[in-house]
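The structure follows.
Chains: A, B, C and D, in written order; residue numbering restarts at 1 for each.
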Amino acid sequence: MDEDLGEGMNEAEGPFRVLPLAGEPPREIPSIGLKEKELRELYRLMALSRRADLEATALQRQGELAVYPPLIGQEAAQVGSAFALEESDWIFPSYRELGAAVVRGVDLVEYLHFYRATWHGGTYDANAHRFGMVSVPVGSQILHAVGYAMGAKLDGIALATLVYFGDGATSEGDFHEGCNFAAVFRAPVVFLCQNNQWAISVPVSAQTAAPIWKKAEAYGFPGVRVDGNDVLAVYQVTREAAIRAREDGIPTLIEAVTYRIGPHSTADDASRYRPGEEVEQWKAMDPLDRYRSWLTSSGVADEDYFQSVEGEAKDFAAKMRSGVIASGPRPLEELFEWVFDDLPPHLARQRDEVLRFAREAAEGIERG
Amino acid sequence: MVKALNEALRQSLAEDPRALVLGEDIGKLGGVFRVTEGLQDEFGTERVFDTPLAEAGIAGVSLGLALAGWHPVAEMQFDGFSYPALDQIISHVAKYRFRSRGRQAVPLVIRIPYAGGVGAAEHHSESPEAYYAHTSGLKVVTPSSPIDAYRLLRASIADPDPVIFFEPKSRYWSKEEGELAADGALPIGKARIVREGSDCTIVAYGAMVARSLQAASRAAERGVETEVIDLRSLVPLDLDALAGSVRKTGRAVVVHEAPMTAGFGAEIVARIMEDAFDYLEAPVLRVTGYDIPYPPATIESHYVPSVERVLAAIERVVNY
Amino acid sequence: MDEDLGEGMNEAEGPFRVLPLAGEPPREIPSIGLKEKELRELYRLMALSRRADLEATALQRQGELAVYPPLIGQEAAQVGSAFALEESDWIFPSYRELGAAVVRGVDLVEYLHFYRATWHGGTYDANAHRFGMVSVPVGSQILHAVGYAMGAKLDGIALATLVYFGDGATSEGDFHEGCNFAAVFRAPVVFLCQNNQWAISVPVSAQTAAPIWKKAEAYGFPGVRVDGNDVLAVYQVTREAAIRAREDGIPTLIEAVTYRIGPHSTADDASRYRPGEEVEQWKAMDPLDRYRSWLTSSGVADEDYFQSVEGEAKDFAAKMRSGVIASGPRPLEELFEWVFDDLPPHLARQRDEVLRFAREAAEGIERG
Amino acid sequence: MVKALNEALRQSLAEDPRALVLGEDIGKLGGVFRVTEGLQDEFGTERVFDTPLAEAGIAGVSLGLALAGWHPVAEMQFDGFSYPALDQIISHVAKYRFRSRGRQAVPLVIRIPYAGGVGAAEHHSESPEAYYAHTSGLKVVTPSSPIDAYRLLRASIADPDPVIFFEPKSRYWSKEEGELAADGALPIGKARIVREGSDCTIVAYGAMVARSLQAASRAAERGVETEVIDLRSLVPLDLDALAGSVRKTGRAVVVHEAPMTAGFGAEIVARIMEDAFDYLEAPVLRVTGYDIPYPPATIESHYVPSVERVLAAIERVVNY
C-alpha cells in the first residue's frame, strides 16, 4: 500500500522562519526581544548539546551506555523551545531531549544513567529541574503534561507545561486524548512535536496524511509550523505559545520541522531505509552553522566567542564522559525501596532472597 | 454500599483539600451508580468534574494531577471500560515512584465497579482484578460490605501509592446496617475472618464473600464448620491470615468470579502451597468463573460461583 | 472547570440542509436522484424504526429487555445514511443503531437479543446483512470498520464500510487511530458521527472544544456537517462520501447534527442533567414530521400512504414484541461452543461441570 | 530463532495467499530484530506493510482485516508496547467468535518479543503473558527453541483463532542446529518433555527452558534427576503432561521471568494441586521475577531466575 502514501503532506505550508537559510544573504531580522547575551547563550547551549550528544554516542559505541538515541540535527528545536520557557514551567520530555536537559541544567551523567541502564528514570531530580523523567512509551507522557497543567491551573499557579514528542507519536491515541483534554479544560500546555521526518524506519508521509500542525484544528486551539532548525524562530513561537498558555489557558501545537541526522538509536542502521542524499541535504541546514553565521554577520558574536564555547563544550563533554565511566550499578537494596512507600511482607521476603543470593554469589558459595 | 462509598468520598473531599474526583458522568449525574451523587454540588466543579470520554486520558491526566500535588480519585465507569487505561496504569502509574527513586509518587485511586450478577449487558460484568494484581507497583483493594467500603476507600485515598479500588456491583445495594456501626481506620493489606470455623477455610473477596457465607451456613447445617476469610486487599496479600487459617483447618476452597485460568485464585492456592503444605489434608480447590467470555445475563447465574458449587467444593475437600 | 467549557462550539458552521425547517414555507428542493418510490421508502423505514424503537423501550419497561438505548430523534441520521449505501457495503454499528438495522432488514427480534441479554452480539447473522454486531465499548468498532475496508481494498473489491459512533466517541484514542489509519491507507470508510449533543450526561461542549466535522482536518480527508434530522441531506452527503470512498479511497467524516430525544438508555434519568426545554426545542424538529410535511407538500405521498405505513409499522412492532416475549434463554452448551473453534481439555472439564450442576439443580438434588 | 521465525513467516506468506504481515518497522527495515527481513521485498507492500505508530490501531485494524477474510500476523514491537492494544484484544479479539456464535472468527496472530536478560532499556524486557493467559478466548503460545519457533508460528498462523505468540528475546540469537533437523506440524496445546528425570519436575516456558536445563544438569552432577517440561503453550495448557510428570516425580518447581504475584506460575501450581495432590512429596515452588517493576539492565541478572535460584528450589523440594 505504500505507493499511495503521503500526498497529504503536499498541502503543507511553509514554516515560520527567522534565520536566513544557508546561502541566503545575511539580513536584518526583526527583534525578538532577546539581549545579545541571550542570543549568544542560545548558541552556547546548542554547542554544549551537540558536543554532549556526540560524546554520548561515542560512549555507547565503547560499551559504556546500553543504547542512546542521538539528537544531532535537532539542537535548535530543543534548545530554542526549552529556552523560551520560564523556570517555573515544567518540561515533559520523551527520550531524545538531551538538548532540553542541558538548558534545564540537568546533570548529564544523571541523565545518561537512563541509557547506562543504571536507573530507569535517570537519577536526576525531576522536581528540582522541573524536567520530567525520560519517557519511552511513545506519546504516553503527553497526558502527564496535560494533567500537570490542569493541576497547576487548579492551584492558580500561572505556569505552562511543555511536552516533547515526535511525528510518530501523533498517531497514538494518547496524543489525541491529551490534546482534547487540554482544549476542554483550557490547560496551559505547549505540545511540541519535533517532526524529524522519521519514526525509526517509517517516514512521516506513511505516518499521517495531514500536516502535523494542522491537527490542532481537531481540538480548537492554534497549530504552528516552524522551521525547527531555526533556533530564533523556535524560540519565538514557543515563547508566544507559553504566554498564551499561562495567561489565557490556550494550548498550542507546535510542529518543529527538523531532521534526525543520526540513526533512530545506536541500535539502528538507518542506511537500511533512507537515502544518504536526504541526510546530506539536511546537513546543509545544520542548526548550529546557520545560527553561527547569523551571529557572526550580525556582529553578535565573534571567533573568540565561538572558540571559548568550543573549549567549554569540550570540557563539558569530557566531564560527562568521566562521570559516566566512573559510575557503577545501584545497590540491590534499591530495587525494593521505591516500589511502594512501605515494604509489604511479600516484598520483604523477596528482598531478603535477592540479597541472600547476591551474598552467596559474592562469597562464591557452591551449592549442595 | 453506594451510600458508604459516597460518604467516604465526601469525607475525603472535606478533610483533604487536595482530593479530587473525576471521571465520566460523575458530576451532575452523580455517576451511573450514584456513588458520586451530590459531590459536585457540595465541592464545586473544580474538585469534582466530568472528563471527556477517554479512559487512557483519565488515567494519564490523573497521574499528571498527582505529580502536581493533587490526590485524584478517578472512576472507570465499568470494569469492561477500564481496559483502554491499562497502558497508562501498567507503564506509568505503577512504575512512577520506582522509576523516580521515590521523588515522584502517585497518590491516585482508580475506582472500578466490577463483576457480574446484576443482569447487565456485555462488557458490564467483568472481573479484571488479576491484571492489576499482577502489575507490580499497584495496590489492589476490594470491599465486601458497606462499612469496609467506607473504611477501605478512605484508607485508599489516604494511601501514598496508587490503589485500584474494585467495587462489587452486586453488593452496591447491600445494607448490613449492623456493621455500619463499626469504625476506625482500616490498614490496607489486612484480611478479615468473617466467620470462624475449624473444618475448612473459604478464601474470597468482593461479592463472593457473602456468597461464601451462605455456603458456610448451609455447610454448618451438615456439621461442617467453615472459616471464611475476606481478603479485602489482593495486593498486599495478608499471607499470615491465609496460612494461619489453613494451618488450622487443613483444607481450603478459593472463590472468585473471574475466569479460573491465571485468576487471582491461583495465587492464593500457590501461597497456601508455599506456606501451609504440611498442614494440607486435601487439595485446595478453586470455585471460579469459567474460561469463557462473561456470558449473557440470562444465563450468568450458571457462571458466577453459586452456593451449590461452593458447597460441592467444601464437601470434596472435607470428605477427601 | 465546567465554566470554561465549550466556547469552541461557537465556531460551528451551519450544517448542510435540504428539507425546510418546521415553519419554513414548502419549497422546491434540488433533485437528489431518488425516485418517488424511494423517497416514500425513506419515510417508511423511519416510521418502522420509530415504532420499533418505542416498542423496544416499552418492552424494557415491562421487564422483557434488560436495558435499551432509544434512538428516538435520530431516525433520519440512521435511515438516511444506511439507505445511501450499496448492499455490498458494510455497516459497523455501535449500540443505538436499530434504525440502520431496519434498513438492512435485520430481524429485530434477533437484534434485540442483545438487549434481552440472550446473546451478546445479538443472534442475527452479521455477514448475511453486512451489518456488524452491536458494539458497546465506545469508539472501539471504528478500527474494525477501517480494517475491513483495508481488507476489501486489498481484494480489489469496490465497497465502502460505514461506521456509526457518537459525539462522545470522538474523544477516544480509537477514533483518532482509526481515522489516521484510514487516511494513510486510503481505506474506503465513511465515519458517521451522530452528534446527538450528549454522551450520557456530558454535553458535547464539555466533550470537545472543536466542531466535530472539523476533526477531519487532522487526517487530511473531508469533514462534513449535515442536519441529522434531514433525511434527504443525510442521504445525499453519505452517498457522496461512499462514492468517494469506493472510487478514490477517500474517507469522510460526517457529523450528523441531531438530538437524543430520549434518555441515554432505559437505565438513565436525563432530567438529572438536562433541561426539558432543550428537549422540546428539538422535538419541534422531529425528523419524521419534517419529512412527512415535505412529502405531502411536494405531492410525493398522501394521507393514504401515511395511513398504510402506520398500519404496517404497528404490525411490524407487534410482531417484534411477540417474537421477543416468546424467546427464552440459550442452552448452556452454547457457552462453550464458540470460545474457540475446538474445545480444549480445560474447557471440556468446565462444560461438563456447568451441565452437571444445571442437571442437579433441575432435578432439585439437595447436596450432602 | 530469528531465522526460524523469519522462515515461518515466509513459508506462511508463500503457502497462504490470505496471510498478511503488519506492524511498526516490519517492512523495509525488516523489524527491529530482523524477524520480518526480506518479506516486503519478496511479497510486496500489500501483504507486508508498516503501520502508523499506534498499537490499539494495529490490533483493531487487524481484527477488521480478519473479518474481511485475511490472516493477519501483527507485530507488537516490544512487550512493553503491547499494552495500548490490550483493550482491543480483551474486548474484541478474544470475544468476537463467541459473541458472533461462531460466524465471525478472528484468525489473527499477534507476535510479541518478550522478557528480559538482553540488557535493554525500560519497557523492553517485560513478561506480560499472564494478562493474555487470563483473557478467555485467546491462545497463548511461546517457543523455547528455533525449531519450535518455526513450527509453533506456522501452527499459530494456521489456527482459526487468535493466538498471542510470545517470542523470548534472549533466545533470538540461539541456534541449536541439532534440533533444526526436526520437522512436522506441531499441535498447539501439547507440552514437551525436554529432559527426562525421576526426582523432580521443572515446569518452564520460553527463555526459562534453557535456564532450567542448565540447572537440571547441575543438579544431575549431584545425583538429582530432574525432568524438564517446556509448556510451549500456556493456553491451552497441557494438563496431562503436567500431572503425568508430577505424579511420577512427586516434586515440582515452576520457573518464569514474570513477577510472581498472579503470574502464570500460580496457575501451574494450582493445576498440579488439583491433579496430582496425592503424589506431592513437597510443596510446588515458584522461581520467578520479583514483584517489582522490571529492573535496570545493570542489575537485571538478580531479577531473572538464575541457575542458582532454580537449583536452590530443586534442593528444597528434593530435600523436603
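List of remarks:
To be clear about the criterion, contacts are C-beta pairs under 8 Å (C-beta built on N, C-alpha and C of every residue); 3 or more make two chains touch, one makes a residue touch a chain.
From a predicted model like this one, the values you see are computed outputs, not experimental measurements.
Chain centres computed from CA atoms place A at the largest separation from subunit C. Chain geometry summary: the mean Cα position of subunit B and that of subunit D are 30 Å apart. Put simply, the C-alpha centre of subunit C and that of subunit D have 40 angstrom between them. Centre-to-centre separation of subunit A and subunit D, using mean CA positions: 35 Å. In subunit B, the positions touching at least two other chains are 46, 52, 54, 56-57, 80, 83-84, 87, 91, 95, 98-99, 122-123, 136-137, 235, 237, 261, 290-293.
Of all residues in subunit C, those touching 2 or more other chains are 1, 119-120, 137, 150, 154, 171-174, 177, 180, 184, 206-208, 339, 346, listed in ascending order.
Chain contacts in this assembly form a complete graph, since each chain touches every other chain. The residues of subunit C lying in touch with subunit B in their complex are 1-3, 66-67, 114-120, 136-139, 168-169, 171-174, 199-202, 206-208, 267-268, 272-273, 329-330, 332, 335-336, 339, 346-347, 350, 353-354, 357-358, 360-361, 367-368. Only residues 24-25, 27-30, 32, 45-46, 49-50, 52-54, 56-57, 80-81, 83-84, 119-124, 222, 260-261, 290-293, 295-299, 302-303, 306, 308-309, 311-312, 315 of subunit B touch subunit C when the two sit together in their complex. Subunit C meets subunit A in the complex at residues 1, 4-5, 8, 11, 150, 154, 171-177, 180, 183-186, 206-211, 214-215, 217-221, 249. Residues 20, 46, 51-52, 54, 56-57, 59-70, 84, 87-88, 91-92, 95, 97-105, 136-137, 139, 160-161, 189, 235-237, 239-240 of subunit B touch subunit A in their complex. Of all residues in subunit B, those touching subunit D in their complex are 56, 80, 83-84, 86-87, 90-91, 94-95, 98-99, 122-123, 130-131, 133-134, 136-137, 234-235, 237, 258-259, 261-267, 269-270, 273-274, 277, 280, 282-286, 290-293.
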